[in-house]
Every structure is written in C-alpha cells, then in structure tokens.
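Supplied in structure tokens, the structure appears directly below.
Per-chain residue numbering starts at 1, and chain names A, B, C and D are given in the order in which the chains are listed.
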Amino acid sequence: MRRKSFVLIVLSIVSAVFLSVSMALAADPLKPTSKDKCPVCGMLVHPYTQWSAQIIFKDGTYAFFDGPKDMFKYYLDIPKYNKSKTSADISDIYVTEYYSTKVMKADGVTFVSGSDVMGPMGKELVAITNDKVKTFTSDHKGVKALKFSEVTDADIPDGHMHHMK
Amino acid sequence: MAYPTPTTITAITAPSAIIAVEGVSKIFNAGEADEMRALDGVTLSVAKGSMAVLKGPSGSGKTTILGIIGCMTRPTSGKVMVNGKDVAKLPEHFLTDIRRRTFGFIFQHFNLIKGITVKENIMLPLYPTSIPIHEMKERADAILESLNIYQKRNYHVEKLSGGEKQRVSIARALINNPEIILADEPTSHLDTKLSEDLMDRLSRLNGEGKTIVIATHDPLVYDKPYVNRIIEMRDGKVIGT
Amino acid sequence: MFIYSIIVATLTSLLFLTQSLKKEAMDVFIEAPELIVQRMSAGRHDLIPVGYAEKILSIPGVSSVEPRYWGYYYDNLTGGNYTLIARNIDALHMVKGTLPKGPGECAIGKGVADVRLTDLNDVLFLSINPQQKVSLKVVGIFTADSAILTNDLVVMDKNDLVNFFALPKDMATDLIVHVSNASEVPTIAMKIRRDYPDTRPITRSEIVRTYENVFNWRGGMALTMFIGPLLAFAIFAWDKATGMSAGERQEIGILKAIGWETTDVLKLKFWEGMAISLTSFLTGSILAYIHVFYFGAALFAPVLKGWSVLFPPFNPIPYIDLYQIFVIFFLTVIPYLASTIIPSWKAAVTDPDTVMRS
Amino acid sequence: MILHPGALALITGAVLCFSMTAYAVVLALKIIWHWDISSSSELQLALERRTYLISTVMNYVMGFEILSLFLYVYTLDSIHVLFVGAMCATGSLNANPIGWYVLYTRIAIFFLSATWIAINYLDGQAEDYPLVKLKYKFLLFIAPMIFLDGYLEIKYFAGLKPDVITSCCGSLFSDESKKVAGSLAGLPIKPMMYVFYCAAATLAALSALSMKVKASIVKYLTSFASILFFPIAIASTISFISIYYYELPTHHCPFDILQGTYNYVGYPLFVSLFGGSFFPVASGVAELFGSVPSLREPVGKAQKRWYVVSIILIAIFVGFSSWPIVFSGFTPF
C-alpha cells in the first residue's frame, strides 16, 4: 500500500530531464538526424545520442560518429574516409560529455581509455570534463587520460573485432 | 458388341480374370462369444469386361465379399487378386490407393452426403488425389452432362428426386474413371422403372468395357440377358455359378 | 462453440486489461525521475534532511536534486485515503483549471472531487486534529484520463502541506535526483549509499521492474483461476467430439468407401477443428477488445485493479500486442486441438464397409 | 516462480506434449509387442489403426514443440525487464541457466521428431511396413527428451527470481565473456566468414553429388557435413550475421532478429537453416534403410526430393545471411 501510493507520487512529479544543447560557438554543433550514419562503421548515429561525436568542416559539411573512438579513427586518417578533406578544413569537433550528456568541444575535454563504460561499439575513449577525470578513472577503472591532441592511433581501443586469439 | 463368354472357376489364373478370389474366409469377432463366420472358403473370379452378379439372400455373405473385392475390408484368410495383385494383406493405405484407382461404388441407399451440392458430392472421391481442382471440376461437369443432370449441379442432394439421386450416385462412381464398378443391392430401393433405367445404364457402361459386379437378390437384375455370370451364395459359401 | 468463444473472450479480456494497465503505468514511468532517495529508519521510510541534497548534487553526473513533500491523509468523512503532495516545479498537466499557485489553493483528483462532491472554486477542508487542519480552495481538478495516477491526489502549496502534517523544519519526505546519463545511475546510487548509509536510493528501473512483476503476477493469478474452466472445456470438447452421431458416422463411412483414407479424414477433422477454434478465437478476441476498450472491462476490472481505496475509473488506451494474441492462441486453440485428436481418430478409423453393412 | 501469462501458456503446452507423448508411448509399446504384418487378426487390424493415432499425435507434438519454441523465445524477450541488467532474451536465459538447456533440448527434439516423421513417412511407402518396430523403438527414445524438456521448462520458470541480477547479450555475447557464447561472439569475423561460406558451399556440393552418385558413403558424408554445418551456421549468426542486421558491432544476440524491428528476418533465416540442415540428415538416415527391398524405391525418390529442398534452403539461408553484408553500408572492421 505504502509503496504503491509512493509510486503514484513519483509518477505525479514529471520533470524535464534532458537538456537541450545551447552553447555559443563558432560553428554550432548539429543534431544527428535519423539518417546520419557513422562514416567509419556504417551504424546509425541517432539512437546513441549520449555518445555521438561530430566533425564540422569549414564548408558546412559534417560527419557524425557513434562515439569518440570512431571520430578519432576518422580524424587521424581523414584521407581514408574523405578524399576531398584534410585536417585543415575542419572547423569544429564536438563530442558528448559522459556525465552531463552535453555536447562539448573536443579540445576542452579529456578522453579516458580502458574504462568499464561501454559505448555502442564496445570499449571507448570516454569524453570527460577535465575536473571529473579523477572521479571517473577511479569509479570506472580508467587506464589512460589524454587530451584531444595527445590521442594517437595506438590509444584507440581495438573494438572487439580484431583481437587475435 | 458381343457379350464376352462366361468364365469358369478354373480361370483364376487366366489373364482375363480381373478379380480372382481364392479360399477367402472372413470371421468377425474371432475368439469371442459372438464369433461370426461371414465367409467360408469363397473362391470365385470375374473376367475383365464382364458383368457378374452375386446372388443370394441377405446374410449370405455377398456384401462382405463385395467389400473384400472392393478393398474396403481384408479377409481373415485367403487370397484376393485384383488386376493381378494380391490385396488380401495390404495395409489400409495401399488398399485405399487401389480402391481409389480401380473401383467405382454404387450403394443401396445412394449414400450421398447431405448439405453439399450435387457437384461437390461427385467430386468427393477426387479430393484426396493430387488432381488439380480445375480438372476435378471439368471431369464432374462432363459426367453430369452425360448423365443429364448438369442443370441440377448446384442443388443440394436432399432436393433431388429418387431417379436424380441415383444418377448422381452413378456419376460419383464414375468420376475416377474406374475399371470396375461394384454395386450393392442397387435396385432394392427403386421402383421398377428406375431399376430398369439403372440396369440399362450399367449395361451400357459394361458395353464401354467396364467390368461390373452386382450383389443382389432382385430377379430384375440377375435375369437380365446381358448378365454374363451369376455366382450364387448362401451362408458364406459359393453354391453355384 | 459459443462457450469456447466466451472462454477465449474472458481470457483475452484479462490479458488485454493487464496489458493496457501495464502500458499506461509504464508510459508514465518513462517520465519518472531516474533516482529517488528515501531515508530509512528502523527499516521504515522516514523523513529525510533537505541538507542531504547538497552533497548528492556534488556527485558527478547529478544534474539536479529536489526535495519532495507528501503524505497520506485518511478522510473520516468518506473513509477514503488521499495522497497529499506539495506542488513541484512542473507537476502533472491534464488538469481542468490550474494548479495551486500559492497557499490556500489546491488541485484534486477526480476521485477526491467525486466523493467529496467538490467542484472548481469549492473549498476542501482537511483536518487531522484541531491544530492540524487546512481549508483549501479547489482551483484545479485532474481529468479522468490521468485517473490511474491522480485519482486520490490532492496537490497543494508546500507550506500548507508542511504545516498540515507538522513536518519538522528542513525535512522532506524524500529527494528526487535527476541524472543526465542513465548509464551512470548505478554508480551514483552506490555513492549516495556510501555517503548516507541511512538512505535507500531507488532507481527507475527497479520501480519499472516491480510494477512489471506486479502486473504479470496479477494477470498470471487470474489466468490460473481460469485454467479450471479451460480444462473443463477441453473435456467438454473431447466429449462432444467423441459422441459422433449416426449420421456423421455414416458420412465418414461414405467418404472412406469412395476412396478416402484414414489420413484424409484426419486431415479433414484437423481443418474442421482449426476452423472451429480459429473462429471462436477471433470472435472471443473481438468480444474481449470491445469489452475492455469500449466498456472499460466493466465485468471484472474490480478483481484485477482493486488496489486503491479510491478506485480509479478505467479508460484503457487500446493497445494490442501480437505476443499477447499468441499467448491466448496457445492457451486456447492448442488445448482444443489436442483434445480433438483421439475423437477424430476414432471417427477416422471407421470401416469403409459400414455403409454397406447398415 | 514468476506467474507470467506466457510462462503459463508454455507450461500448459509442455504438460500437453508430455501427456500426448506418454499416450503415444503406451500405444507404441503395444505395437512393438504384438505387431505381425502377416496376420489378419483383428488385433493386428486394431494395431494398424493405432499407427494412425500415433502418427497424428506425433505430428501434433512436433507442431506444438515448434510453436512453443517460438513462444519460448518471445516470452524470454518479454520477461527480460524483470531482471536487472537484462536487455533481451539472452538476459532472461542467464537469469536461470536451465533456460539454455530448455533451448538445447527443444532444438534436439525438433531434429529427432522431424527424423521420426521422415522415417514414419518412408515406412508408410512400403507395403510391408518394414520399419514399424524400429520407428516405435525410436519413439521410445524421443519420449524421454520430451519429458525432460517439459520438466526443464517448468523448472526454469519456477526457478526464476525477478531480483536476480543477470548479464545480458551485451556482456554474454561480448568478447570479454569467458563463456561459450562469448567466445562465439569473439570469433574473428573474416576467418569465420571463410569457414561459413566454405561449409555452406561444401554442404550444397555434397548434396548435389549425393543426388548423382549411388554410393552410400557420399550420402553419409553429406549428413555428417550437415551436422557440422548447423553449429557453424549458429556460430556465424552470433559472430557476424547478427551484427550486420543490427548494424551494431557489439550486439550479437541471435534472438532479436526475430523481432519486427528487424523485419522478422530471423524467421526465414532460422527456418531455412533448420530445414536445410535437417534434410541431408534425413536422407542419410533414409540411406540406412535403402537395402530393405520394399524401401529401395521410396528411399531413392525421397532422397532426391530432400536433397533438392536442402540445397534450396541452404541457398536461401546463405542469401539472407549475406544480404546485409553485401547491401548495408555497415563496416565493422
């Protein structure tokens, strides 16, 4: 009886949970549509909004990724995925921060690898605001914390596809 | 066309015998108090293309032997050759297959199924076969036409007159194009005119090459000149041919 | 066949009812907060210091914490139990009138309005004892659509509620915690427990699970009660199929004589059984649909719901799930078919020469 | 114990199958003891009629088992919300590992009872019913499986505790998992693809060869290949076919493809796989009886048909498996 009415109370309090993104930036981040696919793996991006990342080019074209990991794969080897662009054409790179699920500039956050938090593609480079890196690393067994510019090929988790037995 | 010459018992192995029964017995409820020996060492044969009559009073076993020849029942012992194949011990599945391909049946009470139309009644024997439905319909129409009841094809059978019912039952017996037509007391519920009419049709079918076996005790049937052979039965035994 | 349809209709109504109740509740749970923190004392829910909120807010991933004030009120007048709750930032919509904007105002559920014969702008008087009493002007009444949640609700100003219940200063009934990233909820719940061992954090998924269970259990119980009639029906079907009439026997004899095999008759009987059971199944399901979604399951909603003192009127949202249909099919058609096997076989092995021996 | 309507329906079905099989076994025993094809006694006639009853009962049991296999998977899917950490049917199975055995026994029952029906069919083609005693003895062997399956299923639902924390496909079918399913999911895609396509091609080629060549050894080899192919195909479904359908490299669940979200593609996929691997086995079993004189012709005829069906089904299976690999833009590696 108590529990039931208590639940009714819970239900009666409805509140807006997800905050929309509102940050004044050079090129505002975009929202993935239901058609946007990750150019690295081919997955649809919109079901995983709390992981999505994006690269916006100066000419207004853009690429969405299902997580920071694939964004780095693309970023570190642009010619492989997009022959007409180089890193000089990039206007902005955004990732979704883990704790706030807010879209933030990639160079303003820290990427933690080796944690037990799984993205849609398994192991991830989880984007964390700089002040929470310590908490995250201890809570989720993070191994390495890297700034955007420090991330190299070797830091990108393998995904689960290629590990050789 | 000349009537075929009557065959004799010795012709069992003769190639012309389409039906050959040898020493067939049938015991119902064997080993029980009400054991009943319906057939006792029956031996007979019917030549291909002939018209034979099994004659005898009721209880003489003529219906039982008709059932055995028609692959409806298996004898307790003995040999039953239909078209050169021994069917006495075949499992039901194969018996049915032979029955379906070889025999057409005309029953005492017409035995049409009520509640469905004339045409559906006629097509019933074909449903278990792999004949496509359009061909079933074509066949049924052709037979209905030849028996002059095409215009009543969509009537429910209970609305037909006795003569029409009789023609429907003949049509049903013919739909699978059988070699042999078996008739069990076909005239017992018909008046003289309809009986004559039926015999007329049977003799015509006989003329077209079909073998016909009739179980009856009606003189109107067995006295017909075109009956080739009369097998007389009593108490489960053949007493004269 | 009529009985069969009625049985299917009953079973189906039951499942439709539980299913749509569940759906309705779940739709609301989706919007519930990710985490609720209650304080436990002697194993019972106790008031929680509002001060806890500050530390909880500092846990990474928590986007906001709000105290909630609520309680139960037993109304001597009508013998009903109401849920009194302080207005939060964005309480429920689905209201006729408005929500209370300040002290002395309230919004009430349809059930409360009905038993107290209260309409908009009337005054609702509540009293526990001469010291704890309050008179509130009704400025809003929740609509019937939301009855399942709001039927016994009285929403009022926070101060009115605190005074009415004489809640100690700086204590709330519980705290609701909003979390941005759902994957972080377990970690946050763990930290809250670590920081405040006297609290119990309840996650949304726990609530959903509990409810899912309650609904399944209720549906299952009701179904179990119907196993008896179902069994009786199967026996009835068996009996009916066994007692073949002479006419039927004759017909099967004819079919067999003219070239049908036992297997063919069995097939015929199978399709016959299929036709009967599917027709009954369809009729029954349609009846159940009409019963549940047009007549609000008038016939047995009380059995299934009866959980609230103020019984909420039920206007279920038409909702059908293929899985439910499959379950009903399995529970009704399959036992029927199984119960016809032996009688069909008995009919099918009729001797073909029966037609000649009669 | 959970009182979910689906669980109740399944238990009802299990009890039905259970009692029907028990009944069939009693009838079968009588036939094993008294069958004498050369006799025209009424007992023999009665026994012959009973064979129809047993065949019918077994056909129904098989039908019910197939339906309940689907209902089982749906129910697992529907109750996963009851378990912490479960995200799909796999999670429900892990909540009480007996569930896995139910799945295995049910698949075994599918193959066994399909084989029984195939033998029954062949037997019915010969005038002397040469396999009667054998097939009913085989039935005695299948029956305990059906009992076991029903028992396990009831035990599974009885043992489910809604507060159990389970792991889902996310962790089970992920490479971190130490369990079999995990190692299946962790199988490297490319080599797995080679194995899968080679196995499918080999099976199809052997089936084709079996139609041409008289030698029994080829047919047995084909059956063997088909028995191997089934687990390979299941492994491939978990390892790579599923992820192409989900377009999500971490989702290996073999059950979700049965859902409407994925256009029910799981049905043609699994039906063609089960059928495609069953028929070569059935042909091999039939070959065992090829030496019985009255069966020589029916066996030859049936085998020809079965091999053709099997090749077609395998082709359909491979087609459905390859479709997303070829046509979706998804590139997990």
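Everything below uses one rule, namely that a contact is a pair of C-beta atoms (placed from the backbone, for glycine too) under 8 Å apart; a residue touches a chain by one contact, two chains touch by 3 or more.
Since this is a predicted model, take the numbers as computed values, not measurements.
*Asks:* Per-chain C-alpha centres versus the global one: which chain is nearest?
*Replies:* Answer by centroid distance: D.
*Asks:* When the contacting C-beta pairs are counted for B-D and for A-C, which pair yields the higher total?
*Replies:* Between B-D and A-C, the larger count of C-beta pairs in contact belongs to A-C.
*Asks:* Averaging only over C-alpha atoms, locate the centres of subunit B and subunit D and give their separation in whole Å.
*Replies:* Chain centroid spacing, subunit B to subunit D, equals 48 Å.
*Asks:* Could you work out how far the Cα centre of subunit A sits from that of subunit B, in whole Å?
*Replies:* 86
*Asks:* Roughly how many whole angstrom separate the Cα centroids of subunit A and subunit C?
*Replies:* Taking the average C-alpha coordinate of subunit A and of subunit C, the gap between them is 38 Å.
*Asks:* In whole angstrom, what separates the CA-based centres of subunit A and subunit D?
*Replies:* That pair's centroid distance is 42 Å.
*Asks:* Where does subunit D touch two or more other chains at once, residue-wise?
*Replies:* Expected reply: 49.
*Asks:* Mind pulling the residue numbers of subunit C that touch at least two other chains?
*Replies:* 262-263, in rising order.
*Asks:* Where in subunit B do residues touch at least two different other chains?
*Replies:* Only 92-93 qualify.
*Asks:* Viewed as a graph of touching chains, is the assembly arranged as a line, ring, star, complete set, or other?
*Replies:* Basically it's none of the tidy shapes, so other.
*Asks:* Using the touch definition up top, name the residues of subunit B that touch subunit C in the complex.
*Replies:* On the subunit B side, the touching residues are 63-64, 66-67, 70, 72-73, 92-93, 96-97, 99-100, 105, 107-109, 111-113, 124-125, 127-129, 172, 176, 184.
*Asks:* Can you name the residues of subunit D that touch subunit B in the complex?
*Replies:* Per the touch definition, subunit D meets subunit B at residues 37-38, 40-42, 45, 48-49, 124, 127, 129.
*Asks:* Given the complex with subunit D, which residues does subunit B contribute to the contact?
*Replies:* The contact residues of subunit B facing subunit D are 29-30, 74-77, 88-94.
*Asks:* Going by the contact rule at the top, pick out the subunit C residues touching subunit D in the complex.
*Replies:* Where subunit C meets subunit D, its residues are 15, 18, 205-206, 208-209, 212-213, 216-217, 219-221, 223-224, 227, 262-263, 266, 323-324, 326-327, 330-331, 334-335, 337-338, 341-342, 344-345, 348-349.
*Asks:* Quick check: in the complex, which residue numbers of subunit C touch subunit A?
*Replies:* Residues of subunit C touching subunit A: 25, 28-29, 31-34, 36, 45, 60-61, 63, 66, 68, 70, 72, 81, 83, 85, 88-92, 149-150, 152-153, 155, 176, 178, 180-184, 187, 207, 210-211, 307-308.
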